[in-house]
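Per-chain numbering from 1; labels A, B and C assigned in written order.
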């Protein structure tokens, strides 16, 4: 009986972990390309979810139209954000950049609550089949869709970075900004593109979570969960981010299992990822796949 | 530049002028943007509308009740800071809200002698003289059954339901809620009564007051095999829990506390909430009696079209405001006039008290000097949700015995 | 012509003491002393309780923000977990007072010492991390501390929180804002003096060296780990003291007062004020405390003019929160060196008038 619970929790962790992985991937994308730590990642999910919800519920558009419209909006939003807020801060010390993204996170949280209210808004049912049985665990169709789309996105990312011109330009900029600029790569457009892609993909994750749990301010918490995931995987590794997300997803559910069976603490589900984050920082500060930062005098 | 300066100066002047209030000052705390906003909004709307209506009818003793609804976002420090402001304004009573701030302010309102009408129905607020609970709460009042009594009523219904269903052995009971004073309030008292009624108590499961994904907790719930799950959080996170558990396929009878469910939440939960029972302590919008006619009049103050169907919490807010106002009327006749201690004395004057005009809405209540349990009658309603068809009906009325050891617990 | 109010250009210092003095001119020293005397007299001058509350808030928040400024501004270590230490100080003071009966006025500095211990403990692993990783680690520590406060019944009263007693001096109860103001003022002046002095002492110079170029500092013989840990310890002392003052002011301490938003507000205070400067801390804290009040007045005014607009009344709390984020963003874009830089520019404008350009 308990092993069945374990399997189900594991499965649940993998599914939720894929979403964490997607969001972590977006975070790493921004960090790798622009050296900016985006504390407002969770708010991209939030804004994406609310936009899609508003398009479907208030504007009455069908879902197959709202979904791409949300993407278009998030792309414009990401670019605008980068141009207005982040560009003036190029070259500023890291604390300023961190604080700006933190400020953005607070601002967006408050504004979305103002516009849409503090209540949880349920997403109207999109799929005819609500959930599917996988190994005894009922998986919602929305999660299956997200799994499919996440795999597509990861494959797309891999292809993009390896074979497309823009992807190569991004990798070059991430490696050495000055050399990339001297080679004629427009660093400005690379930055804008990085933010746009990150915003779009985060919006996807946001819409999926919104479909399952309802849209509310709690989506911002995904942005906080992303930190343990990228620390475990390595701040500048896309593969590491995905793995980190999966690990954190599974870890949470394992912590819940341990909590339920033996420890009875009640809160391990929420706080375990942070303990792991600190431990990893102590033992392997650059994560599983991050590049070691060798300091030269 | 000059124009903006002039404009801001004008606004600043106007704002100072806006504070010219004359009347009996009363405080009003609400959570409009915080963790319990979904249930606080209708409740505080009820309080505000009722007070405005009473003012339009002449107020108390010819004077208006001067109040301002202040949002403290369920953050206790903000409530404490606002309380200091209220002291400056020399309020004679406060319409409060949540367990957090009510607990924090218990000793302060006792020291400053200001009756605190809370929307927190925590058990130990019923012990004015500290006979059974560690802290005395002489100046705390609330309309409705306490959380502990509410949970006891649900346990009685569960024991009844178990027998009707022909269940074998002991029914399994689990308490689910966040680690927070409000969900924790009835945990021990209810667990003890459940044991008394022959139910088996399982380890409590924690789920956050903030909405989110609770599949892991639902899997634990499924694993535990609980038959009856008491949901101690507000409706916001309970909706998420019900939906998560529906997906996971948990087969448990859910029992909600008084703030755990209402009409709007039923709509949001959909079929996940089908069959859930919870505590109701006033008439519902669908009821039709003399008192509800008055409530519909009061509702028009913030909703002139009269189209909005108010959730159950609205009626309790109206009752709370009316009880306070009638106590102030009685206090006006006492020597010293409308002061905090007099309002407290006034609360003890009536038995089986229903505010004027609200027959059929508020449960008859009576407070005593050594027993602040206003009412021990609990109504249990059950929800029926089939597609878009949503309804709720009363399935049980419990009269919880007034045991002395249960005072303050 | 060298007047007493103008700082002459060029080096005219004739002694070491004159070089490291806290006040550049006699006039600025006089202003500072006059300011303190004015603050001492304020409660007697009949200023309203509400303004006194604001000043007390600025007081204990400044003390904590000053600690953060020493950590972030002077030593260059980003800490997103300051609210955790602030809360620890508050809980520790209440705990000492409730459990052991330590008088409140003594419990406050003792609680600060306890918080220093916690800060040194956190500083040990933090000394190995730099920049971004330190920020993330302190971010995680904030959540861990928050969870600890909600769980540790024996220490913090668990989720229900703890009562914090009233201070008393020689049996004379310090109740009411007017009396408590003096306690806060005493500690504020003491900590500001200590902080300013720290920055001109040997350790302070070591901190600045660690911030500016830690590799060179290490080459010069400054023990990086020791100074990083020391910086954490000192900033925790300030945070603990501020927290203890806060706890006893409210009379009740609960875990939900010490969220990540408070940590961000502390960082906002020092960024808006100006990092690495004591005066900047005071200015930034005053800005942060007064911003919600200004918004409230503004909203009240708009309400008086335009009537009870629905989205306005519900939006005040959100507007307050949004304004914090917006203020941080705008200051970082337009005034990255903070209010103290703007103040210096204004001062020099008037000093050099009519030759300011």
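In this section, a residue touches a chain if its C-beta (ideal position, glycine included) is under 8 Å from a C-beta of that chain, and two chains touch if they have at least 3 such contacts.
Keep in mind that this is a model prediction, so the values were computed, not measured.
A comparison of the A-C and A-B interfaces places the larger number of contacting C-beta pairs at A-C. Among the other chains, the CA centroid farthest from that of chain C is the one of B. Centre to centre, using the average C-alpha position, chain B and chain C are separated by 38 Å. If you average the CA atoms of chain A and of chain C, the two centres end up 33 Å from each other.
The distance from the centre of chain A to the centre of chain B, with each centre set as the mean of the Cα atoms, comes to 38 Å. The set of chain A residues that touch two or more partner chains comprises 113, 267, 270. In chain B, the positions touching at least two other chains are 32-33, 179. Residue positions of chain C touching 2 or more other chains: 150-151, 314, 318.
Across the complex, chain B is touched by residues 1-2, 5, 8-9, 12, 16, 113, 118-122, 130-131, 137-138, 140, 209, 212-214, 216-218, 221, 252-253, 256-257, 260, 264, 266-267, 269-270 of chain A. Across the interface of their complex, chain A is touched by residues 32-34, 37-38, 179, 203-206, 208, 210-213, 215-217, 219-220, 222-224, 236, 239-240, 243-244, 247-249, 268, 270 of chain B. Residues of chain C touching chain A in their complex: 72, 78, 125, 128-129, 131-133, 135-137, 139-141, 143-144, 147, 150-151, 215-216, 219, 261, 264, 267-268, 271, 275, 311, 314-315, 318-322, 324-329, 332-333, 336. Chain C contributes residues 48-50, 53, 150-151, 158-161, 163, 177, 250-252, 254, 256-257, 297-298, 300-305, 314, 316-318 to its touches with chain B in the complex.
If you check the complex, the residues on chain B that touch chain C are 8, 10-15, 17-19, 32-33, 71, 73-77, 80-81, 84-85, 88, 100, 103-105, 107-108, 179-181, 184.
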